[in-house]
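Just so it is clear, A, B, C, D and E label the chains in written order, and each chain counts residues from 1 on its own.
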C-alpha cells in the first residue's frame, strides 16, 4: 500500500534520512520504533508531504506522492498526526473535528454565502460523525473547549479523532499515546485495533514496548536514518543489533 | 463596552458637539480656516493662519465688520483629502462658516471643493493645479495663486531677460509640474533661450544627488526649482555641493525666512525667489511685512492676508454673512472703479462710509475672472543675499 | 543529606493541565540520580520545574537548605543549579568560546580560568574554540552544553536527555564524562530515554509514570528486577 | 449640524466596510495586510474611470471596482505566498505605496496627482446636499448591512472555519486535506474586494479621488478600527470604525477649549489624544471592545446548550 | 548617466539608512516585534541634536552623541512605560501599539517645536572629485560616522559581555534566561541602543536635508524595507539591505522617471523576498 524506496532527507548537510526502503502492506497496525533521532518523525513528515524528500520515491496505493502538497496526500486518504500535538489552539474541539471533514461544499464562497442545502446537509452528516468520534474518544464533555485548554492527553486524542474524521485509508500516528494516562492508553489501543479491523492501515510510532508488542502485527525498526530490520515484535526484539541500538545495552 | 458605558459616552460626545453652539454669541462672525497643520504641508499652514489672524486682530480692534467681531475657526486638513473633507463638513455643517480659506494641497482643494459649492460656501486657496478653477464651482472658488500658464510665462520671460540660455526645470511631483514645464519651454524658445531638460522628482527624499547630477549633466546656466520647502533645502544643498554656479529660481513660499535660517548663506546666495505681487512698492505688501514683522513675507503669507481681507470686505459690502452674498460681493470690492485700498481695515472704513473700494492685495491686484482665477499680476523678484532676501524688481 | 529536595510538587503548563501530579525527588551530594519513565510521564517537566521554567502550583523545592520554588530561571542558576535543556541548549550563532562565556555569565570573574579548565576537560571544545556552535556535531554540542553548565561551578547539574540523538559512541563518551563529574563532587540529575545505559551509570533511579513517582531505588537493584525490565525497559 | 453628523456617519460606514474587509483577511485568516489602501485605490479608480469614461451605471462601476480590487488582492496573495508576518506586513505596505506611485505617474489612466474629479454620485444633481448625504447614508448602511451579513455567514460557515484554522496553523490545515494556499488567496481576494468596494463608495460619495487619498495613514485608521473594535469579530469591525471616527471628530470639539495654544499645537494635541486613547484601549482591552466569540457554529449541534448561538449566524 | 556615480550616491544614501535599520533590527532580535516607534525616535534624535547644535552651539559630533543619548533615553522610557505591557498580548498588537506611539511622539515634538523646518548649523563644503565621481565631504563624513557606528555596534556585540548577552538573548532567549542573563536588562539595553541609533540616524538625515516633526516618518518605510530585505534580526543584513535600497533607488534613474524611485525600491524588495522569504541574511524559520 505504501512503498518507500531510497528516500533521503538532508538538513543542511546532516542526513536525517539516508536511504529508507520499506513497504507497508494493507491492513493491520505497523509499529515503528527506534531511538530518538533515528528519523521516524522525519519519515512521517516526508510521507505526508510536510517536508520535501531530498531524493527517492514514495508511492501510496500505486501513485507517486512525493512532491505532492500535504493536502493532496491527505486527500488520497493518507492522514497523519503530530508527535507534539499541533493544531488549532483558537478553535474549539468540535470545530477542530469538523474541520477535518472531507468534501465540504460549505468551504466554497458561494455556498457559504447562500448557506446552500448541500453544505448544510453535509454539515449535519459531519456533525453526527464528529459526535460519534468524540463519544468514542471520550471527548464529548470538552467539545466546546478551545483546543489550547485541553490536557496533553486530550490533545493526543483529538489528533486521532481529527484523523478519523477523514475516513483514512492509512493513518500515520506519531506517538499517539505519549502523555496519555494509562487507563486511556488501553482504551486508545483497543480503539486503534477496531479502526484497523475496519480496514484502516495504521503506522504507529511508539516508545512503549508493551503497547507495540500488544498492538502491532509487524514492527519496523529505524536507526540512523535507515530501516534497520522489520518483522514480528518477538523477532525484532530478539535481534542483537536492535537491542544494542535501541535498548541501550551496547557492551 | 457595555450598554450603559456606551450611552454615557455618547452623551458626553453629543454634549461636546452641542457646546460650541450654546456658547456661540450671535454677534461673532465665524470664518473657516482649513489648512495643513500636520502632514506634508504642515510647515506652510501655520504661517498662513498667523497671517490671517493678524488681519482679524487689526480689524477687530478697529470695530469689526458690520458691527460684529470676527472669529476664525481653524481646522487641520492633515494634508490629506479624506481628513480634509471631514474637517470641511464640520466647518460648513457645525460652524456654518460662509467662507473657508487656506487649503494648500491641490488634492485637498479638489476634494473639499464640492462640499463648499454645494453648501454655498466660498473657498479661497493657494493650490496650484489649474484643474481646480475648471471645476463646476459656480463661482465659489477664489484662487489667489496665479495659474500655471500665467506663472510659467512670466517666470520664463524673466529668466530669459537675465540672459539665461540653457534652462533646466526641476519640479516636485504636483499636478502643475508637467504643464508648467511645457509652458516654460515654449516661452523660452520664443525668447531665444531654451529648456535643455527637465525632471519631476518624488517628494520626501533625503537626497537628490543623482537628480541634480542628471540636471547638471545637461550643462544648464539656469535651473528652475519648482519645489516645496523640505525638498528645496535638499536640492539647494546638493546643487551647492555639486559645484553648480549658474542661476537658480524658486517660489518664495519654498524659500521662506524660516528655511533661510536653516541653511548656510553661501549656499543660497544668488537664489532668486519669485512671488506674485501688485505694484512696485506695493503698499499692501509692506503692510504685511510690518504686520508680521517679516521683511521677507512670502507668497503664502501674502495670499492668506488677501483672502481674509477680501472676505471681510465682501461681508461688509453685502451686509450679510452668507456664502452666496460674499461670492457675489468679492468682485465688487476687489476690482472696478472704487478707491484703491491696501488693507481690510482701511477698506472697511471706506465701505462703512458708503464708498466703493478696489482692494489691491499683497499678492497682486486681486482681480478675478469668472472662473475665480486672478486675471493678471506682476511678480516680485528678490534675491537671497547673506541669508536675507533683497528685492530685485517687480515685473 | 540531600542537596535537592523536591516534595509533592504539582506543576503544568496551564491551569487544569497538570503534568506533575505530586512528585517527590531527592538528589544527594556526589550522586547521579536518573529519572526514567514513559514519554509524557513528566520527566522533563520535573527538571524544568526545578530550573524555574515552570512555577509549581503546589509543593516545595529546596536546594542547599533554601527554598527555590517560584524563582525565575536566572535566580535559580545564581543559586548554583545548572540546567542543561534537551534541545536548543547552545547559542548556535555564537562561537564555542562565547558559549562558554555565556555559560559563566553570572560568574564573570573566574571566566578565563574556568573556560581553560572546561576546555582541558573537553579537549574538543578547545579545538573548536572559535567555531560557531551550530556547526558542531550533535555530540560535540552536548559536550559544549555540559561545559557551559560547568562554567558556574554548580552544585547540582540537571541534564535533560543529554544523549538524545547521539551516536552510541558519543553517548558512551558523554556518560563517561558525567561519571567523572560525579567523581569530582557534583550532584547530577539525569533524565534519559536511554534508560538502561543511564541507570547503569547512575546511583539511584526514579521511575515516573503519569506525573507521579512510581518506583525508586538504587539503580543496580532496579536494573536487576525482571518486572521492571519488562514493563519499562522493553526487555 | 445634522448634515455634519450624517456625513460623518457615511464616512464611518465606509470605514466600517473597510474594517469588515480587513477582518476577513486579518481577523479570520490571520493574514497581516498593511496595504489595504492599495485595494481601496484599485476599487475607487476602477469605478471612477468606468463611470466617467464609459458612463456605466454607478452600482456596476462599484461592483467592477470590487472585482478589480479582488483580483489585485489575489495577485498580492500569490506574490507573497511564502512570506510570514512581518515580511508580509512590509511587502503589503510597499505594494500599496507602489500602487499610489503608479497612480501618480500614469496620467493617461488616472489623471496623475491632479486626481479625478466630478465622479458621479447617485441623484446628486437633483438633491440638496442634506438630502444627498441622507440618501448616501442609506446606501452605505444598506451595503454595510449586506456585507455584514455576508461576513457573518462566511465567519459562521465551513469556509470561516478553515480560514480560522489557517490563522492558527496553515501546515496542519494542509494535513487536514485543505489547500491552505488557496484559502489564503480566497481570504485575500474577498477582503481586498470588500475594501475595493469601500473605495468605490468613497469615490462616488465625495466625487473626487487622487493618489494622495491612499496614504498609509488611512490604512492605519482602518487597522486601528478593527483592533480597537475586536479582531475576528464583524461587529467589532463596525463598532471600531464608528469609535475611530468618533475620536477623530470628537476631539475637534474638545481642543478649542484648551487655552493658550496655537492652532498647530491644537492639531498636535488632537493626534496625541487619538494615539493616547488607542494605547489605553489596547492596554486594557487587548482583544478589543467586542472580542471574538468563543466559537462559530455553522448550524446548531443537537443536544447542546449553545445551540442558540448560531442565531448570530443568520 | 554615470553608473558608478549612481552607485556612489546609492551607497551614501544607504549608509545613512543603515544606522536606524541596525537599531530596528537589533531591537527586533531581542524584543521580537517590529517597532514602528523608530520613526518618532529618529525625529526626537534629530531635534535633540538640533537643540544641542543650533541652540547650545555644540559642534556636530557632540550633537550626534546627544541625539543618540536623548533618543535612546526616550526609547528606554517609552518602552518601559508604554510598550512593555503590550508584549504579552502578541507581536501584532505590540507593533500596532508602537505605531500609535509613533504618532503620539511625533505630535509631542510638534507641540513643542512647531512645524517649521530647521537646519543644523553646519558649514557646507563643495564636492571633491575622485576618479570622475563627485563625492560630498559632508556625505563622506556621514559615511564615516555610519561606518564608525557600525564598527562600534559590532564591537559592542562581539567584544563586550553585555553585547554578547544581547546576542545570546537574541539567539535563544530561554537558554539565556537559564544561564542567568536577565532578559529585562537586555531588553532595556536593546531599546536604548535601537532607539539611540534611530535618533542618530534621524540627525544624520537632518544634516543632509532639514528637520521637522515628520523627519522620521518620511524615512520609516525605507528603514523598514532595509531591515526586512536584509532579514529582520540580522545586523549585517540591515547594512546590506540599506545599501540595496539606496543603490536600487539611484540606479532606477537609468530606466525610469525620478518620480518612480520609491516604487522601484519596493519592487526590489518584493523580488528579493520572493526569492528569499527570510531576507538576505535572515535565517530560515523552523
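In this section, contacts are C-beta pairs under 8 Å (C-beta built on N, C-alpha and C of every residue); 3 or more make two chains touch, one makes a residue touch a chain.
Since we're looking at a predicted model, the values are computed, not measured.
Colleague: Which chains does subunit D share as contact partners with subunit E?
Modeller: Chains that touch both subunit D and subunit E, as defined above, are B.
Colleague: Counting only C-alpha atoms to place each centre, which chain is farthest from subunit D?
Modeller: Farthest by centroid: C.
Colleague: C-E or B-D: which has the larger count of contacting C-beta pairs?
Modeller: Output for the comparison: B-D.
Colleague: Where the CA atoms of subunit B average out and where those of subunit E average out, how many Å apart are those spots?
Modeller: About 36 Å, centre to centre.
Colleague: Taking each chain's centre as its mean C-alpha position, how far apart are subunit B and subunit C in Å?
Modeller: So the centroids are 75 Å from each other.
Colleague: List the centre-to-centre spacing of subunit A and subunit B in whole Å, with centres computed as mean CA coordinates.
Modeller: 72
Colleague: For subunit A and subunit E, let me know how many angstrom lie between their CA-based centres, rounded off.
Modeller: 48
Colleague: Taking each residue of subunit C in turn, which ones touch at least two of the other chains?
Modeller: none
Colleague: Touching at least two other chains at once: which residues of subunit D meet that condition?
Modeller: Residue numbers touching two or more other chains: 101, 104-105, 262, 264, 267-268, 271.
Colleague: Which of the chains are touching one another, listed as pairs?
Modeller: Contacting pairs: A-C, A-D, B-D, B-E, C-E, D-E.
Colleague: What residues on subunit B touch subunit E, complex-wise?
Modeller: 37-40, 42-43, 45-46, 173, 199-202, 204-207, 209-211, 213-214, 217, 229-230, 233-234, 237, 240-243, 258-259, 261-264, 266-267
Colleague: Using the touch definition up top, name the residues of subunit A that touch subunit C in the complex.
Modeller: 35-37, 148-153, 175, 178-182, 207-210, 224, 237, 243-250
Colleague: Under the stated contact criterion, what part of subunit E meets subunit B in this complex?
Modeller: Of all residues in subunit E, those touching subunit B are 1-2, 5-6, 9, 12-13, 16, 107, 110, 114-120, 122-127, 134, 136, 138-139, 205, 208-210, 212-214, 218-219, 250, 253, 257-262.
Colleague: Looking at the complex, which residues from subunit C come into contact with subunit A?
Modeller: 14, 16-17, 19, 38-41, 138, 161, 164-168, 172, 193-198, 209-210, 230-231, 233-235
Colleague: Show which residues of subunit D lie in contact with subunit E when the two form their complex.
Modeller: Per the touch definition, subunit D meets subunit E at residues 32, 79-80, 82-87, 89-91, 93-95, 97-98, 101-102, 104-105, 216, 220, 223-224, 227, 262, 264-265, 267-269, 271-272, 274-276, 278-279, 282-283, 286.
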